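Labels A, B, C and D are assigned to the chains in the order they are written; within every chain, residues are numbered from 1.
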Amino acid sequence: MPLDKIGIAKRIAQEVQDGTYINLGIGIPTLVANFIPEHINVVLQSENGLLGIGPFPEEEEVDADLINAGKQTVTTLPGSSLFSSAESFAMIRGGHVDLTILGAMEVSENGDIANWKIPGKMVKGMGGAMDLVASAENIIVAMQHRSRSGESKLLKECTLPITGIRCVKKIVTDLAVLDVLPEGGFKLLERAPGVSVEEIKEATSGRLIIEGEIPEMKLN
Amino acid sequence: MINKVVNNADEAIADIPDNATLMLGGFGLCGIPENCIAALVKKGVKGLTCISNNAGVDDFGIGLMLKTRQVKKMISSYVGENAEFERQLLSGELEVDLIPQGTLAERIRAGGAGIPAFYTPAGFGTEVAEGKEVREFNGKMYLLESWLQADFAIVKAWKGDKAGNLIFKGTARNFNPMMATAGKITIAEVEELVEVGELDPNHIHTPGIFVQRIFQGVNYEKRIEQRTTKIK
Amino acid sequence: MINKVVNNADEAIADIPDNATLMLGGFGLCGIPENCIAALVKKGVKGLTCISNNAGVDDFGIGLMLKTRQVKKMISSYVGENAEFERQLLSGELEVDLIPQGTLAERIRAGGAGIPAFYTPAGFGTEVAEGKEVREFNGKMYLLESWLQADFAIVKAWKGDKAGNLIFKGTARNFNPMMATAGKITIAEVEELVEVGELDPNHIHTPGIFVQRIFQGVNYEKRIEQRTTKIK
Amino acid sequence: MPLDKIGIAKRIAQEVQDGTYINLGIGIPTLVANFIPEHINVVLQSENGLLGIGPFPEEEEVDADLINAGKQTVTTLPGSSLFSSAESFAMIRGGHVDLTILGAMEVSENGDIANWKIPGKMVKGMGGAMDLVASAENIIVAMQHRSRSGESKLLKECTLPITGIRCVKKIVTDLAVLDVLPEGGFKLLERAPGVSVEEIKEATSGRLIIEGEIPEMKLN
């Protein structure tokens, strides 16, 4: 059965390495923070100027002057630091953030990502996404494998205006975990529990590389 | 010391003319100059170019100035919380320049720091790169981006002193410090205006040299866009 | 959290190899990493390229490393307090790249901020401009300057916590914050190392993300070059 | 009689306007601070990261962590702020400092300044001087009219490596006050007490412009 959002977040949480600095995008990526194992210590960066995002506040702790990049109220933690947007993106652009997890509307088989604009329909702006994808060493995309209308979001080439080129390293969808190979192509690594390779093939429009047995994801 | 203290927002923005270019601090509704925005709406100044990361929401922040059609052009990175904005944009009534957030922040810093242009990787290979100079450094591709400056920069701080020194609170800092450096005239509204000498020199985020006018604001609403609390 | 705390300067610099490029914080003898400099002299590592605003004095600061001929090249803005330096330079034993101080500071910031190059007016029309790209913006001439990065950045702070967050004191801040961002490995020596959570997030000058190693230094001499007091 | 250093500093202090931000170079410029009238409030910037330089400390106040750009121990004042060298030069390069006063070895009649290097002899480096002269709106030079060997330091063209071009606006020497005209040339404004126009002519190698009576400086 395809994963729900929580499932995708849980699977991505397994990718998170101890002692790293991570930027989580809005939506599923933000949920990832809830599933990082206790023994894995990471520091979450919010591009609006906070390093060390704490949990959501208690009702009485809510502070309008302390929000994350999704405009949600948050808290600080011991060891947190605050800074300006220029310093925040200096941090991002300078390659100091180890991992970026973000959502996407489309990913191409060479790692291009589109997630900021649907011409004539949706104009919200790119926010920090273009800076993040142009700068991060390691980028994981969290998304549904297919659009609401059933079209594959893993394509040979993106059809929407792109956010960045050749930058996505890994994709976790409701159906599968895939690496984007440096030479191009989606390499299938894991299947969602109960999802067949055949289903993933059907849902993937770009070049899918399948080698040997494809194990099922292990989720707690 | 030349007196930088003005009585209120009306006085601070009194000489902002039609068609001025403004920078307005804040990220979402966090750290926005609420008093000055209200005064700009009241004054009815028109044809403004507003440089601000976001455009407020329909009934607060810069959204208030969009409703009254005072804004000719927005220079922002993300405007997704504002239906009126999207309507004006799609209908062509509003000019919009969408800029990657880090590029926006750095262009404003550059404007204050006397750096007319710099190279950044953000947007390479995308439509943001159209018409821009592209250059390779160490095997990676970069775009040339130019500085941004404004006739008036309007920022919001937590504490300020009469010499114009500012301290921000939490993530309400965001775009405010860079904008303070990039205005020909910088106006700071603060929650608490203190005497010179009350702020620790080592805690000051924006040195007074950047601020030409300062006042203590009133009735801060500090609206929250996504009030999110711990699930019990 | 990966442990960033090391026991002392010897441990902090243990893996710095010959011919490494180092950044060393400080302005004059103010805010210099005394412990690490002593450890570098003790270790005897050679062929270093040192990026530092000044080169110390004959018997303190980087001057100690010049005496032992550990430095192949200095990248600085002002080296006027050091006779041995001047001797080595004039005799050709030492390579020196003299850079305007603001350009040096900005090149280091750019190195940490992922900006490979930027335009600055400093040095236009002078020998600093030789071989550099020149460009006009709004009728003024600018030089293209590139980023600076280092294998190791060695900085000195007043207080630091075990997560690598740093607070500087007085004018001992100077080049330290930018250098902290521009080292592949950044080593911070601090006068007081405190537990995580003891520093106010709003007072931190250098976020811990930039610091890979930290230790509490000992026996700070803090020599004064121009002890100047009020004339009674 | 030619002015001494104190005299030059006193005369320059008269140029200082209320409510301005000023960077003072090492040497005579530093002395200027002592002669700014009580009713003129200015803020002194030190390029190593201090705005609002206070007086030299009492013996027991001396703090090695608080120095000016000349490496002298100083104090802070109410309203002072501290910052990094990058922020300091952002301030300078961005044109936020209203006036720069600095020393020179040579000034040319089109406003070029040389003050950082004597090839083969003195190699100290330019420090912040190149940034200051390339950025400041208003630049006043404090110097002796002639070198120790008696050569004029006000030249048609600088002979030494220059620090910046077409930037000096005014010069105060031991003999005279002169404007550097936008179209080129040293316009004589004032004579030092007891110094004749003839002496100034002799000591000036670049184009000297003398119009009408040249008054004596008024010094307190």
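By definition in this document, a contact is a pair of C-beta atoms (placed from the backbone, for glycine too) under 8 Å apart; a residue touches a chain by one contact, two chains touch by 3 or more.
Everything numeric here is computed off the predicted structure, so don't read it as measured data.
Contact with both chain A and chain C is made by B. The geometric centre of chain C is 28 Å away from that of chain D, both derived from CA atoms.
Computed from the mean C-alpha positions, the centre of chain B lies at a distance of 36 Å from the centre of chain D.
Rounded to a whole number, the gap between the C-alpha centres of chain B and chain C is 33 angstrom.
Here the spacing of chain A and chain D, counted between their Cα centres, is 56 Å. Each of residues 50, 76, 82-83, 89-90, 92-93, 135 in chain A touches at least two other chains. Under the contact definition stated at the top, the residues of chain C that touch 2 or more other chains are 106, 109, 113-115, 120-121, 168-170, 202. Taken pairwise by the contact criterion, the protein chains fit none of the simple patterns, being neither a path, a ring, a star nor fully connected. Pairs of chains in mutual contact: A-B, A-C, B-C, B-D, C-D. Against chain C, in their complex, chain B makes its touches with residues 106, 110, 113-121, 135, 137-138, 140, 142, 146, 167-170, 202-203.
Within the complex formed with chain C, the chain D residues making contact are 46-50, 55-59, 62-68, 70-74, 76, 82-86, 88-90, 92-93, 112, 120, 123-131, 134-135, 161-165. Of all residues in chain C, those touching chain A in their complex are 1-2, 109, 111-115, 161-163, 165, 181, 195-197, 201-202, 204, 207-210. Chain B contributes residues 27-31, 53, 76-81, 86, 89-90, 96, 98, 100-106, 108-109, 120-128, 158, 168-178, 205, 222-231 to its touches with chain A in the complex. Considering their complex, residues 18-19, 21, 41, 43, 45, 50-52, 76-83, 87, 89-97, 135 of chain A touch chain C.
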